[in-house]
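Two complexes, one shared chain (chain A), two partners (chain B, chain C).
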Partner chain A sequence: MRRRLFLQILSASLARAAAGKTVLIVASDAGWLACAGGAVAKMTGDGASAILVRVGNDEKESWGLTPEETALRNRTEGERAAKLLGIQEVISFGYRSSELRDVPHTTMRDRLIFLIRHHRPAVLFFPNPHTEQDRNLDRYYVGAAAEDAWHCARFQNYLPAASHSGLAPHIVSEVYYYSPPVDPRRREPESTATFVPQPVRVDIGGQFERKLRAAQVLRTVNRSTAMRLKQSLEAAGRRLPILDVVDESAIDKLVEENLRGLAAVCSEGSGYQLAEEFRYAGIEYDIPAKYLR
Partner chain B sequence: MTFLPNTCVERLAVLFFALVLWPWPCPAQPQNRTIVAISAGGGDYLKGAGGTLARFIDEGYKVYVIQVGNDEKYSIGMGPAETRLANNGDAERAAKALGVTEIVNLNNKTGELSQLSSNELRNEMSTLLRFYKPQKLFLPDPFLHYEAEWDQFWVGRAAEETNYSNNDVFLAELTRIGLKGYSVPETYYYSVRRPYRPGEGGHNGARLEAVDISKTFQHKVDACLQLRTTNRVYAEHVRWRLQLMNRPSPLLEKMDAAAVDALAREWISELASTIGAKHGFSQGEEFNYHGSAPGQTQPLPPWILERAKPMPRKQ
Partner chain C sequence: MLRYADSFRMRLLLHLRAYLFIGIFTGGVAGQVQSRLPPGEIPAGKILLVVQPHHDDHTTDYGMGGVIARFVESGYKAYYVRASNDEKDGANSYARNDIINLKETRDGTRILGMEDVISLNWRNDFMNPIPLNELREQLIFLIRKYRPDVVLGHNPWEHYQKNPDHRNVARALVEAYWLAGYDTVHPEHFKLGLKPHAAAHFYEKGRLDWGLGQISNVALELSESQVQKKERAIAAHRNVYHNPGAKRAIQDRLAAMGMHVPELDAVNGDEASDLLLHWWMNWVSRDIGKKAGVKYAEDLYHMDAQDHLPGLKAYIEANARRIP
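== the complex of A and B ==
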């Protein structure tokens, strides 16, 4: 009986995966757009549907606004940016950004397992908790919970209440770990694809303009970034000419410079003009090579 | 007046005094040939260190396993309680197949170990280390990348802490009842599911230790094949993933015990040969090793020696 149920679940999962749904689990809007916006735009451009899960509320990313207003503005802008990249739905957990250490790992993980089982994606993006020298610990906590959720969502004895209510176990076939390109050893494979996710580069030359337009929608975050940069420069007795007058056009230019620079760093040695870097776990991961021949 | 043993009884008394009561210099304490392996689940230590432990068992070591999680999550078609019993039975059989002396199961809920106080977990481990007084400790490496099962991290972190926080100042109540603080001479950090990264291991006093397990590999496989419940879940998941990616394998067309065993054997074999290829073995295991083997002492690091002054001579 249970065996038959498992096979039915499996068939349902196969049918949904064929639709090519992608779920992105992110700590903050600006972070995922900068690191993975082009690859996501590429997938949605090829017909995949995508869901964005915002774990942090971005309440601290503003200049001169209260946390409440900041969170609301950033949520609205994040949703608009996501729409520009072809994302159908945005789910915001609303946890306070930069306070994610206080959210129990299993609480965050179990909410993510619920969503994985509900949406049954074929592809998952989440921050890489194993990258080194990334100062943003929100990405670490979200990445740890998301990686654990990816692993646990396939076992029926996690979230038994959800299993009993019809949210059956699900395996996500492909995973992209994203992170800013700060780890000096990020391009080393560490081991073979059977045992660890492999470093990959994605050409985003065709999607860069779309990524840029989406990133420029994040006005509250971008203004905060520009003002803080200007303040730091002034404290060091320096100036950046494009920030002499911090208006929308200057901020947009700064965003473009940042994203172009980032894409150029990620493309080094790849033959692409503009790229994004990931660790990728696909079909080879955790399956002996003999079973793939 | 000088005492000279004349009678037989007197001679025997002198001999007894000389042999037994005279304060001869004590010979070195014999090495405690005991190993403790800490494991998140019932089979994790086997995958990461089974071949090496089998070698030590062949050399006469006794191996005790501290299993932290109850393995209640890993099955197909069984509830948590049934799963726990099935996996624990498998773990007992696997341990026996390897030659493990005993498994102490702490029975915490698998998959929820982050909820457990790491101090509490550390203290449970510390108690057992004081009891067993092992020469060697095996623990899951909490510093490894891309270990998707986070229980390895929570267990490894607590296990590492017990190793440097188990002196008499900790757990005073244990010290009071006679279980005194104990420091394990040798520590082996193991990786359950992957080879170490090139260049990983070996900072400060540690070193990457590669062990040739060619002679005990079959022993390791035999033990791992006893983990029938988790091996079956793995096989079902592999088949599911291959179908999701439209790459079904003929090797898993018929999902019977032979197919499950063959897949488990192949995974263990690929791990061992991938590690072995790095070190010139046909099959290997890797550890981040820290400590001093019997008869050796750790040299003091130069940043201590450069400031250390000679002791004043006693007059």
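== the complex of A and C ==
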């Protein structure tokens, strides 16, 4: 009972954050949009400004294109999708996707600290580096750097030259850790709400259509997903009738099924029809609930 | 004279054996979990690729020797990739350990019915600073060469894994498993006639008793003969596991608790070493079997080629059709 009440409080806190600036730090376009696109649309719809930091260049995710062409198309499509969700600016670091472990952690972290101090967001989104069974480790490396940047941006002795030049330390008070719902233990509350982000679900019923339209803009990634799915099913002696002819309408339909299925998985047991799930660090992350009361 | 690492390994092994041994005879081991695991089946396919950092990782307490034997008995051709050179493991010089351990890998995997051992020879216990994308490229190459239906390796998310060889090989492998299917990844391989290949299944295994332990989602039942192969496979690694002194250490420890085991008293040190390995592997297989409601089993975490799309799982199950 107490846990349910606690989770309801966490869910309600989303509305409080809406007025502030949001910065999303992401490894790839399709990943963040599927996991957090609805929550971001909810915030921007309520008046928040949002900035997207793309760390990877998405050069691998295509079907039959060169890495260079893939990166260019994915960047263009990612920016269009972000705009549809109300994101005002997209900053691309341009690091090679699926090679992100070659980027020094501190290099990635310090660039993110710089941006956090410059934009001074109230809310951060980044991939959850503590998620298990997510085979895309780019999300792990970006999440680990972003979590570190969130923590270090508040201390003046990090990036001292920038501090000296007027980029003052900054504390971000709310963080949403996103990840695809693949970790079998993702809904288990941690031992304490203090210093450990807690599971929370966000109702995206009102934002689903907008999220879907944005996801369908990612044509290069979506085609890659559809073709690879068709291929893997055929290797197992199976076929999806919807993919007998892989054209734009089939791909759009597949994207819709994927997002609806994802929202259904995330909403299980929450009372919502369509939801996204996160690990959330808010006021109780820093101050134990007993003191807040 | 033993170097520190070697003597440490020996002491660790002695303690571990004593701990497991005492657990076997006193009927309890810390961390036992009794929740029922769903039974798994061997998926249709022909090729199994097992990728591990070390010579003996195919069959240890966290190993999968019984499952490998079951795959082979089901018609699979199986290959073992040893990522490190195992130079630290054993009481010999680095070079000699490397040579002996590789030979014993071949002996052990042959007992399981495997076809070949591919040794990548990365320096043992120096794998934390290696360029992991280079190791991943080697694994992608091997996946494209052997075109496995099933890839089997270590759990990259294992809690409290202290050995960076395990963590890093596992991380490289879980990415190689899916990136091998992308033609945008290492296209230079295609000059040799290789083609992208996405394996249909990935199984991972971690230690049972570290932190929160291995989070498994399937148990594969083992037959008596598969457990016996597993016992013989680990016993083939004599450079590390043959330890006649273990008998005395365990007897001393049990005596301090006012206990003794007649079977152990009746054999010499060499025989006791083999007996302890037999008990160890048999106990592990029985203990996991309890979780699955069968006599013997090994538990694993299984992912198929669609598991990274959790939103489509239900749709695929409802709408996919068999190709006639």
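Here is the rule we go by: the second predicted complex is superposed on the first by the 268 of 293 C-alpha atoms of A that agree within 3 Å, B and C clash if a C-alpha of one lies under 4 Å from a C-alpha of the other, contacts with A are read in each partner's own complex, and residues count from 1 in each chain.
In the analysis below, contacts are C-beta pairs under 8 Å (C-beta built on N, C-alpha and C of every residue); 3 or more make two chains touch, one makes a residue touch a chain.
Just so it is clear, the model here is predicted, and its values are computed rather than measured.
Novice: Touch check for A:67: first (chain B), second (chain C), both, or neither?
Specialist: A:67 contacts chain C only, not chain B.
Novice: Let me test your reading of the model: by the given contact rule, A:98 touches which partner, first (chain B), second (chain C), both or neither?
Specialist: second
Novice: When the two structures are overlaid on chain A, which partner does A:289 contact: first (chain B), second (chain C), both, or neither?
Specialist: After superposition on chain A, A:289 lies in contact with chain B alone.
Novice: Looking at A:157 after the superposition, I want to know if it touches chain B, chain C, both of them or none. Which is it: first, second, both, neither?
Specialist: First partner only.
Novice: If we overlay the two complexes on their shared chain A, which of chain B and chain C does A:173 touch? Say first, second, both or neither.
Specialist: Touch status of A:173: first partner only.
Novice: In the complex formed with chain B, which residues of chain A make contact?
Specialist: 2-3, 5-6, 10, 13-14, 17, 104-106, 122, 130, 144, 147-148, 150-152, 154-158, 160, 171, 173, 188, 190-192, 194-197, 279, 281-283, 286-292
Novice: Tell me, which parts of chain A touch chain C in their complex?
Specialist: Residue positions touching the partner: 34, 59-62, 64-67, 70, 98-99, 101-102, 132-137, 180-182, 184-185, 225, 228-229, 231-242, 254, 257-265.
Novice: Under the touch definition given earlier, write down the residues of chain C that touch chain A in their complex.
Specialist: Touch residues, chain C against chain A: 44, 131-133, 156-157, 171, 174-175, 177-179, 181-185, 198, 200, 202, 212, 215, 217, 301, 303, 305-316, 319-323.
Novice: In the complex of these two chains, what residues of chain B are touching chain A?
Specialist: By the definition above, chain B touches chain A via 72-80, 83, 111-112, 114-115, 145-146, 148-150, 193-198, 233, 236-238, 240-245, 247, 249, 251-252, 263, 266-267, 269-271, 274.
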